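In structure tokens below, several structures.
Each of the two complexes below includes subunit A, the first together with subunit B, the second together with subunit C.
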Partner chain A sequence: MLSKLRVVWTVFYLYLKQIAIDGFIIFTVIIQPLLVALLAIYMLRDTEGFQAIYVIVGSALTGLWSGTLFFNSFNVQAERWSGCLENIVGSPTHLQTVVLGKALANITISLSSMIFSYPIAAFLFGFKLTIAHPSLFIVSLILTILALMSLGLVIAPIFSLNPGNILWVNAFEFPMYIVGGFLFPVLMLPVWTTPISYILSPYWAARALHATSSGNASLNEVFISWGLIVFLSLIYLYISSWLFRVLLQKSKEKATLGLQ
Partner chain B sequence: MRRLITSLRIFVSGAWLSYIALFHWTHPASYIASKIVMPIASMLFFLYLGMSATGHDTAQFYIVGNALQIVAVSAIYGVTMTVSRERNMGTLIYLIGSPANRLAIFMGRAFFNILDGLLGVVIGFIVGGFIGLDLTSANLPGLAITILISSISTCGLGLMLGSISLTALNIMFVNNTFFFLLLVFSGANLQLDKMPAWIQSISKWLPLTRSIQSARILINGAPLAEVSLLLASEFAIGLTYALAGFIFFRWFEFQARKRGTLEAF
Partner chain C sequence: MNIIEVKDLKRIYYAKVGVLRRKVKEVLALDGINFSVSQGELFGLLGPNGAGKTTTVKILTTLLTPTAGQACVLGYDVVREAEQIRPQIGFIFGGERGLYWRLSGYDNLVYFANLYHIPPDVQKKRIPELMELVGLKGRENEKVQGYSRGMKQRLHIARTLLHDPEVLFLDEPTMGLDPVGARELRQAIKNLQTEEKTILLTTHYMFEADSMCQRIAIINHGKIVALDTPTELKNYVQDLSIIEIEVFGIPSEAIQRIQNLDGVDMVSIENQDQKQALHIHSSDGSGIVAPVVSTLQNMGLRIGNVVVREPSLEDAYVRLVGGET
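Take a look at the complex of A and B:
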């Protein structure tokens, strides 16, 4: 267990240093959420009951999701492209453990979207930003990390199972913004999309974060969201383990580990 | 005459080959994901965000703005990458070494992306038709001209960014930033006349702003003459960006030859 934790920490530390200076990552977790926040504030500021904190949390969630999607979809592929995948698979440490370290680094860097969206509303627009329930918000944020990290561990093997899968990555960014209810309630969407939202942990994370930051939901609703985040994350982790097994088995059988 | 025909041949063949090579577009999945699903999902996101603020009656405003914004996918990403990948793939050295007409090579990189941008907007309008776009009183020929001009002018910006990409290490950062800047400042999602002066000042210098404004007027059945000035200035802006890009391209070529840095990163 300790050796696994050491691997996770080493991968986390090295990968964090590597991605912190990547231009694409800087855009995805800082510039894009900032521009989304700017646009959303101008679009929503005249609406009845407008809360700047709602926009800030929602915009930050777009950055968190984009980070989770793009970084995790390339997590295994990047090792393949750099010729390290065969070495990792050949080592006694499981590939999923290495990817876990990378997923943690991804989510850590993605969290900066929440920090950088804040000044837009506070300084540019002069909105007073207050979090209604700070302690509950922190718990929600920790559970959001769990939700996105476990989803990231599902995304990584899916986009690596077949080299063609990676071509679809762009198609998943905005749909999650919509069904995740990041910046508007999913009640606005056609009814058939609701079950899709319900099986996605980012939707429950958005509900918990919005409820605890804006203070517009009961404590009961927050607890339900937390429970569902944990429940869905456990399911995602189970699916992820299975997908990694399939990925490794398939790669070894077909000798495609190093295939570019 | 012979020189002109040669230049024309280079323009067409260069345009076609660079287009099909782009993004591995020989693979339909990449095209469907990047050119259909992503822009349509982006349109739906901003449509619902807008409607959550101003109600269902304003759906047309957001559909028209975001459908026009789809040209930016081809114009910004497509055009820029056709230029920048010449360097990444190691073909720039042969291109520069050839005696081919530089203007034909350069402008050719935008040609199929202009047509592709048109197709993207048409798809956007078709999807829009299912979610609240009403074209019954629209001036359709005028709208078609507007879409064409918007695609040309935005590709002009793409050509300029493409030239910059020849000296930039991370062009996706520039591309993504400009794509989102257009989303904010082109008026696709905001009523520019109600925005602060600094936003209006920036939007005046960008392509798409006037096309979106024109499209919204033409959708209500206005004659083309009413927006002719807007469209003329939109075209002029696109041309200015394209020429600036070409000048930068020639400057890059000159410097690269002089310093031997054609393949340096």
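Take a look at the complex of A and C:
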């Protein structure tokens, strides 16, 4: 167990070292959420019941999701392209453990979108930003990391099963902004979309973060969101383990581990 | 004790061809090969491109599933018991890939050392030792992207030795190295053998296989066409004499004429800048020299040095694989 944790930590910090200066990553997790925050503030600031913190948390969630989606969809592929996938699969460490370390590094980088969105609202527009329940917000943030990490572990093998799958990655970015309730409540959407939101852990993460930062929901609702994040994450992790087994089996059968 | 056992190993690749009417094409990469490697042996696998060498290594390193047959490493089945094999083997596939170019050489080794669950205190001692062994001491903190091809290859060697594996699979490890680097690497491999490591080496270089391997399997079109010691393999062509003739601007018609001479078994040509080296395999000994020279002179060709020599492993290889390289 200790050696597994050491693998996760090593992958985490060495991968962080590699991606911290990547231009695409800086755009995805910093510039894009800033643009989203700017746009949302301009659109919503004169509406009734506008809360700047809601927009900041929402735009940060868009950065977290975009980071999770893009980084994890290329997570295994990048190893394959660099020729490292065979070295990983041929080692005693399970590929999923390595992907977990990388997913955590991705989330850490993505979290910076929250830090960068804050000054936009506070200094550029002069909004007073306060978090209603700071301690509950931190717990929600930790559970958001769990939610996105487990979803990332599902995304990684799906986009690696077939090289053509990667073409669809962009199609999943904006729909999650909407069904995840990042910038506005899903109650505004058609009823048939509600079940989709319910099976997505980022939706419950958004609910928990919005509720604890804006303070406009009961504690009961927050606890329900937390419970569902944990429940869905466990299901995602189970699906992820199965998908990784399928991925490795297929790759060894089709000889695609070392493809360029 | 046999460390590697391969029985009737077969591997078929399926490739999709065509754009509108996609068809599945079968490529037979391994056609029921058999061999075994004993403890502490340095075993060579020789063959032309696409013969099945890398496929064999990938199956033995648990990275590829065989279509049929069985392969065992250290007594474990490569498909069913891959997890028992992986901590005890090391492998290198020739080339520069397989490293993190944006990390330093040292960080790369730390990364892979953790994948092999090597404790941090052991890593601190082992990584500098290996860096020194492969001649990268002093360059360990530089990013791999700035390394030369040879340095990357040497870093691969260090990576492979991190966990002190019992069995090593080296797939063309000296490919792309300069002569000095290749010689040092060969020496390092020989040193490993003195530590009783079992090594399976694939290479294109005959002298490398000849000087290093205790036994060699020659593989062609997925089949093992010969398996013996280098000395015995050379005996396959003991009946032959090899005549090497330097010529300048030889036309294909001349090669055809020589091929048709009595006593000529095979003719191959090697381009050397302004001239060509004609290699003639003959079972008539030096008696074939005169008719060959006269054929070339009759065609008005300029001839340089003429040498008659004993057959080498390369000659045996060329005969066994039918002139393919």
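Rule of thumb we're sticking to: the second predicted complex is superposed on the first by the 259 of 260 C-alpha atoms of A that agree within 3 Å, B and C clash if a C-alpha of one lies under 4 Å from a C-alpha of the other, contacts with A are read in each partner's own complex, and residues count from 1 in each chain.
Quick note on the criterion: a residue touches a chain if its C-beta (ideal position, glycine included) is under 8 Å from a C-beta of that chain, and two chains touch if they have at least 3 such contacts.
For clarity, every value in this text was computed on a predicted model and none was experimentally measured.
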Joint occupancy of subunit A by subunit B and subunit C, clash or fit: fit
Which superposed partner A:Met1 touches (first subunit B, second subunit C, both, neither): neither
Partner chain in contact with A:Ala171 - subunit B first, subunit C second, else both or neither: first
First (subunit B), second (subunit C), both or neither touched by A:Val89: second
Inter-centroid angle subunit B-subunit A-subunit C after superposition on A [Cα, multiple of 10°]: 90
Subunit B versus subunit C as contact partner of A:Ala255, first or second or both or neither: second
First (subunit B), second (subunit C), both or neither touched by A:Val191: neither
Smallest separation of CA atoms, subunit C relative to subunit B, angstrom: 11
Residue ranges of subunit B in contact with subunit A within the complex: 24, 27, 29-30, 32-34, 37-38, 41-42, 44-45, 48-54, 169-170, 172-173, 176-177, 180-181, 183-184, 189-190, 195, 199
Complex interface listing, subunit A residues touching subunit C: 3, 6-7, 10-11, 14, 17-18, 82-84, 86-93, 98, 249, 252-255, 257-258, 260
Subunit B contact footprint on subunit A (complex, rising order): 23-24, 26-28, 31-32, 35-36, 38-40, 42-44, 46-47, 164, 167-171, 173-175, 177-178, 183-185, 188-189
For the subunit C and subunit A complex, residues of the former touching the latter: 13-14, 58, 61-65, 83, 86-87, 89, 91, 93, 95, 97-103, 107, 110-112, 114-117, 119-120, 159
